[in-house]
Amino acid sequence: MSVNSFGHLFRFTTWGESHGPALGATIDGCPPGVPLDPAMIQQWLDKRRPGQNKNTTQRNEPDAVEILSGVYEGRTTGTPIQLMIRNTDQRSKDYGDILNTFRPGHADITYHQKYGLRDPRGGGRSSARETAARVAAGGVAREAITAIAPGVQITGYMVQMGEKKIDRARFDWDQISQNDFWCPDAQAAGEWEEYLTWLRKDDHNSVGAIIEVVARGVPAGIGAPVYAKLDTDLAAAMMSINAVKGVEIGEGMAAAALTGRDNADEIFMGNDGQPVYSSNHAGGILGGISTGQDVVVRFAVKPTSSILSPRKSITMDGQPIEVITKGRHDPCVGIRAVPVGEAMMACVILDHILLDRGQTGGVRGQIG
Amino acid sequence: MSVNSFGHLFRFTTWGESHGPALGATIDGCPPGVPLDPAMIQQWLDKRRPGQNKNTTQRNEPDAVEILSGVYEGRTTGTPIQLMIRNTDQRSKDYGDILNTFRPGHADITYHQKYGLRDPRGGGRSSARETAARVAAGGVAREAITAIAPGVQITGYMVQMGEKKIDRARFDWDQISQNDFWCPDAQAAGEWEEYLTWLRKDDHNSVGAIIEVVARGVPAGIGAPVYAKLDTDLAAAMMSINAVKGVEIGEGMAAAALTGRDNADEIFMGNDGQPVYSSNHAGGILGGISTGQDVVVRFAVKPTSSILSPRKSITMDGQPIEVITKGRHDPCVGIRAVPVGEAMMACVILDHILLDRGQTGGVRGQIG
Amino acid sequence: MSVNSFGHLFRFTTWGESHGPALGATIDGCPPGVPLDPAMIQQWLDKRRPGQNKNTTQRNEPDAVEILSGVYEGRTTGTPIQLMIRNTDQRSKDYGDILNTFRPGHADITYHQKYGLRDPRGGGRSSARETAARVAAGGVAREAITAIAPGVQITGYMVQMGEKKIDRARFDWDQISQNDFWCPDAQAAGEWEEYLTWLRKDDHNSVGAIIEVVARGVPAGIGAPVYAKLDTDLAAAMMSINAVKGVEIGEGMAAAALTGRDNADEIFMGNDGQPVYSSNHAGGILGGISTGQDVVVRFAVKPTSSILSPRKSITMDGQPIEVITKGRHDPCVGIRAVPVGEAMMACVILDHILLDRGQTGGVRGQIG
Amino acid sequence: MSVNSFGHLFRFTTWGESHGPALGATIDGCPPGVPLDPAMIQQWLDKRRPGQNKNTTQRNEPDAVEILSGVYEGRTTGTPIQLMIRNTDQRSKDYGDILNTFRPGHADITYHQKYGLRDPRGGGRSSARETAARVAAGGVAREAITAIAPGVQITGYMVQMGEKKIDRARFDWDQISQNDFWCPDAQAAGEWEEYLTWLRKDDHNSVGAIIEVVARGVPAGIGAPVYAKLDTDLAAAMMSINAVKGVEIGEGMAAAALTGRDNADEIFMGNDGQPVYSSNHAGGILGGISTGQDVVVRFAVKPTSSILSPRKSITMDGQPIEVITKGRHDPCVGIRAVPVGEAMMACVILDHILLDRGQTGGVRGQIG
């Protein structure tokens, strides 16, 4: 049992602190023979990387990944893959004045309470910098999926920032990579940009967001009832990301307001002899097992707790203090949560493809 | 790795099908010396039990639990506890006409696709009857919590049925056990009853719901970053329950709409030398570790898929068919999901108290 | 993490005490579609069952196994299989005088020290009766192996009782089931019988033994380096059996005395295009992975601690006492350890066949 | 589930190949507040390090360990500890002629069969170089034990090389670190040196050995029946080390030849109110739980397979070939297995101390 590990057969352990010498992921269970080089992983780290535009933190980390093991002549060998990312731009002095202060909304106080000591530099282990290791692991998962289950496509995007939602009628897959917000609605992206600029510069504030991640082309029949359901593992995967406060599958919380008649995804036989559905309220999962439809997960991130507006707190001595968190912080962590959510989806999908092979041999019941 | 098990140190495995001879939970990791007899568990099973009123299924199961191991002279011994519940009222004939049919919204089709065969009687393993085993395990967890961390109180209740929400201004803890809906708002309970009667009798329909579970008195400092965070485990726990489509901690999905200033839970020193907070947007968890505030989780259940209104589907032969699910079914599974959510909360809290002892010895960092 | 569970993908949890109402095994991860009925399991329990002849304990348990879940119309469904064996012949009074006494060589004292309390009836959880559950799980594993990897044959036998070893020159597979000792050497079996009768009746003593278990027909390529090697898991499997004090693979402890030249298993190409070896010092495992040769494991059991000869000990109050253990006990537990060792071998082999499918898809590197 | 990880609560994952850029251990579950710096770990790596004398391989690796995470201002924080050791002296050309050859006694052939490809440089992942990571993890475990259970002493030594055993009458703890063989018998050490020199230089051969590891001062009551017994975990720990073919606890395989009367460890009350035993046939473990006596484990390593004498084998094409393994190899791997065995003992003991706290709170049943 390792509390810093995730996954059943494709299992990664992340390690490292925000301002330590390095961080990374130790991956166990990647299938052998998968083509892999650092560039394949780097592309996803670049997507998450800080310092790229004014809407994300100005910390400038190259986030260059090194593969230290598990690959021979460009292919995985089935042995553990160690991915290491050196920290290079740790301005720990930014945090000098909060060594003895608990920042509201941060894990400073709970780490102190649990462990009796903590690495205060940049939040130490509780920093969202940990998610770089997830993105690296997700990069490996994507290559393995390509090798053993080609046709799966995983895409994340933001659907809400603050109270501003996208208009699903304007949804455009091609738009997602065209703006700073991974937003499929160009008009919403424009409004968000304006809003976020004001929030950051004038209001000294931050805001939450909702991210949606979709996996298309997932084979029917993966997922392992009852406590390793595909949706259960996705819920855990997303809730484990920093700042996430809610996770939804398909209709999500809105399912509560529906009736059984409206919520039914009716089933038909498709032209290719595979079942098709009238709708996808279920988010591609029934009884914890994939239906072959799009697997759809959404998660909400809270607004960044580190803001320039003063907030009341206490010191380690129990004295009252007002906290203004300078440092370099994202006004909306939702933006950089997009590649993180994609990475977790990739890891879960791969893991369940492998698990299904181990459980059933990957044989499928026929219909028709 | 067992996909039918849940928990780290307090780990239970559920087994059994809806219409098999029995179902139950194998519990490993219950601390020794905890007073335990069947009646202590039975009270929670009775709370979940079907056939109690017209708002839940009329299947009449006594759900009498037997303790087959792990207890000697009324106290747990630290060895595995086997809890068995005999099935007695299996009317499999109710399901005779759907042996070869995939019911929309059910796992019939995905179990068939994954395993190549399935136990069709009452949904087999995918039936919500599995949750009886969880409730039994939760009963054990409650007694262990009482023994090693007295003061923790776990309470679940419904806060929304269909589109009808409770009014938080009328919230009354004492009301919860006074109506059929575990509803803390007496007026809402009355409206729900009227609505559900109409839905069941006249509309031949079903409806979703939202359940909230609160744990009060949880010690600060439990929860294990990064992949066994308290909120991560709660998300997995709740999402693994049948029909659940969304899980929220504290503000949940609504956190997306908040700004950092509004979302801050400011910290003060309380009179007893422990930190107190101005609010609980976080739901009692920071960085995956408990703050000592109420731990608040919510989850949405979709409307029951088994309804008397016809829905389109296919047979195992791939032929089109209209499905009307007769059987005996809850028009709103949210009602019986309340004790299930409580049980999962109890298991997670106990598990993390034990895990924390194993990780840190339960020593706490001092403040002030 | 469950300390009462064994296996990676084929994972069973045993539960139950010697004199409780029942004991059993909860199996998770059995592949779907395997033909299974109680008689298939019962045959192996009958092999282990006490009370069959004068060389084993006279406790008379029918050890009738019930399948409570996971099987539908005679085939496994991929869901948990609950196997229950009722205890029927618990003469707890036999143990009345040792409720407060720690029997030398037994776990009475360590269970008391660890848990603060213990179930003293027949040794409670520490009784070798727990192995009945393993044998039942092994029975399921054998059927699954037959279904997915036909050709594997697992056979256990005794090779040493006390100081008396078999003569390998007289080894006869057919002889194994012809005597009370699962002994492949008829002459040794006769000598053992004589010796054991004297030991039991006249010497009021007991004796240790060595059991060898061989799996023939195991496919090359299963086993998972580095901490789930096939030999590592076999060592854990056998050492976890009551009274076992040593485990060997292939040459075992004798490998220490060999030189590299003598120990080399030279490799040739066989007529069927598969590698063959000049010898099997390795016991069928290289680097934790099967070679395709016979997998050979041996384990030593200590002499039964429960003997009619007085031995010095203390009571729970710390007072000195002489202990004579009456009860009903095997003078040589090695006899009944044979089917237990076979069961553990079957579980490990199945587990690794499944694990290999999950890790590599079961694809094999070609030679030649 | 990670097949490259070991331990329950103190869990480490090793990664890296013999000739890759680096190797290491990712440790999860080290308690917080433990003083730790690289020198504390380095001392144990130095003990194992190759190239120190003519009796071990001449590969000259400094084996300098870096701590990349989990430590802040000289103390562990409770977060993952990443230990990295750079490979610096990889003479891969030594292996050039065996890229397509399966060396007898090595895992070349089984890795190829399992994974379809392998890293042939120095044996890749199957090289004993992996054990450097274990020794590093063991160094951390030792410091944690010192912090939370002072008084535990772990010592390994060789008791047999080839057919030459130590004389227990000459056993001297102080002698162990005085010779190249970690031998407690000075006279035996002298004989071994002479023998090994001849074997290496003149006979172009290698030889096996037996190592014994003793843990003194282990508290009574640790160990977790039934499948995480202290002896079960020790058996797995030792059998997972390269070249190990047998593991014994206490009397080990010799227990088979004893009678119950002779094997009984009789119990008395000691002067300090703790139980004492007349002997330690059990090796300090009853029913999988420690008695408070010395925990004694022994394991046998086979002779090094890499020898200068020709041995028959096949190529990847299936062609016959004679193999002479030049490279740089230990003529007796037992010598360097001593610190590896110690490290595994340290990890198991720490793990069980933590697990016991999580299971029982570390409370102990009183005697007397």
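Order of writing sets the labels: A, B, C and D. Residues in every chain begin at 1.
Operating definition for what follows: contacts are C-beta pairs under 8 Å (C-beta built on N, C-alpha and C of every residue); 3 or more make two chains touch, one makes a residue touch a chain.
In this text, all values refer to a predicted model and were calculated from it rather than measured experimentally.
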| item | value |
| --- | --- |
| Over-half contact-pair match to B-C, picked out of the listed pairs C-D, A-D or B-D | A-D |
| A-B or A-C - the one linked by more C-beta pairs in contact | A-B |
| Centre-to-centre distance between chain B and chain A (centres being mean Cα positions), rounded to whole Å | 26 |
| Chain A and chain C: spacing of chain centres that average the CA atoms, whole Å | 45 |
| Multi-chain contact residues (two or more partners), chain C | 1-5, 8-9, 14, 29, 32, 78-79, 114-117, 125, 225, 355, 359-360 |
| Chain C-facing residues of chain D, complex | 1-6, 8, 14, 102, 104-107, 109-117, 125-126, 130, 160-163, 199, 203, 205-210, 220-229, 231-236, 238-240, 242, 245-269, 273, 275, 278, 281-283, 285-292, 298, 300-307, 309, 311-314, 316-320, 334, 355-356, 359-360, 363-365, 367-368 |
| Sites on chain A touched by chain C in the complex | 1, 9, 29, 31-32, 78-79, 148, 225, 354-355, 357-362 |
| Touch list for chain B against partner chain C, complex | 1-5, 8-9, 11, 13-17, 20-24, 26, 28-29, 32-33, 66, 68-70, 72, 75, 77-82, 84, 114-119, 121, 124-125 |
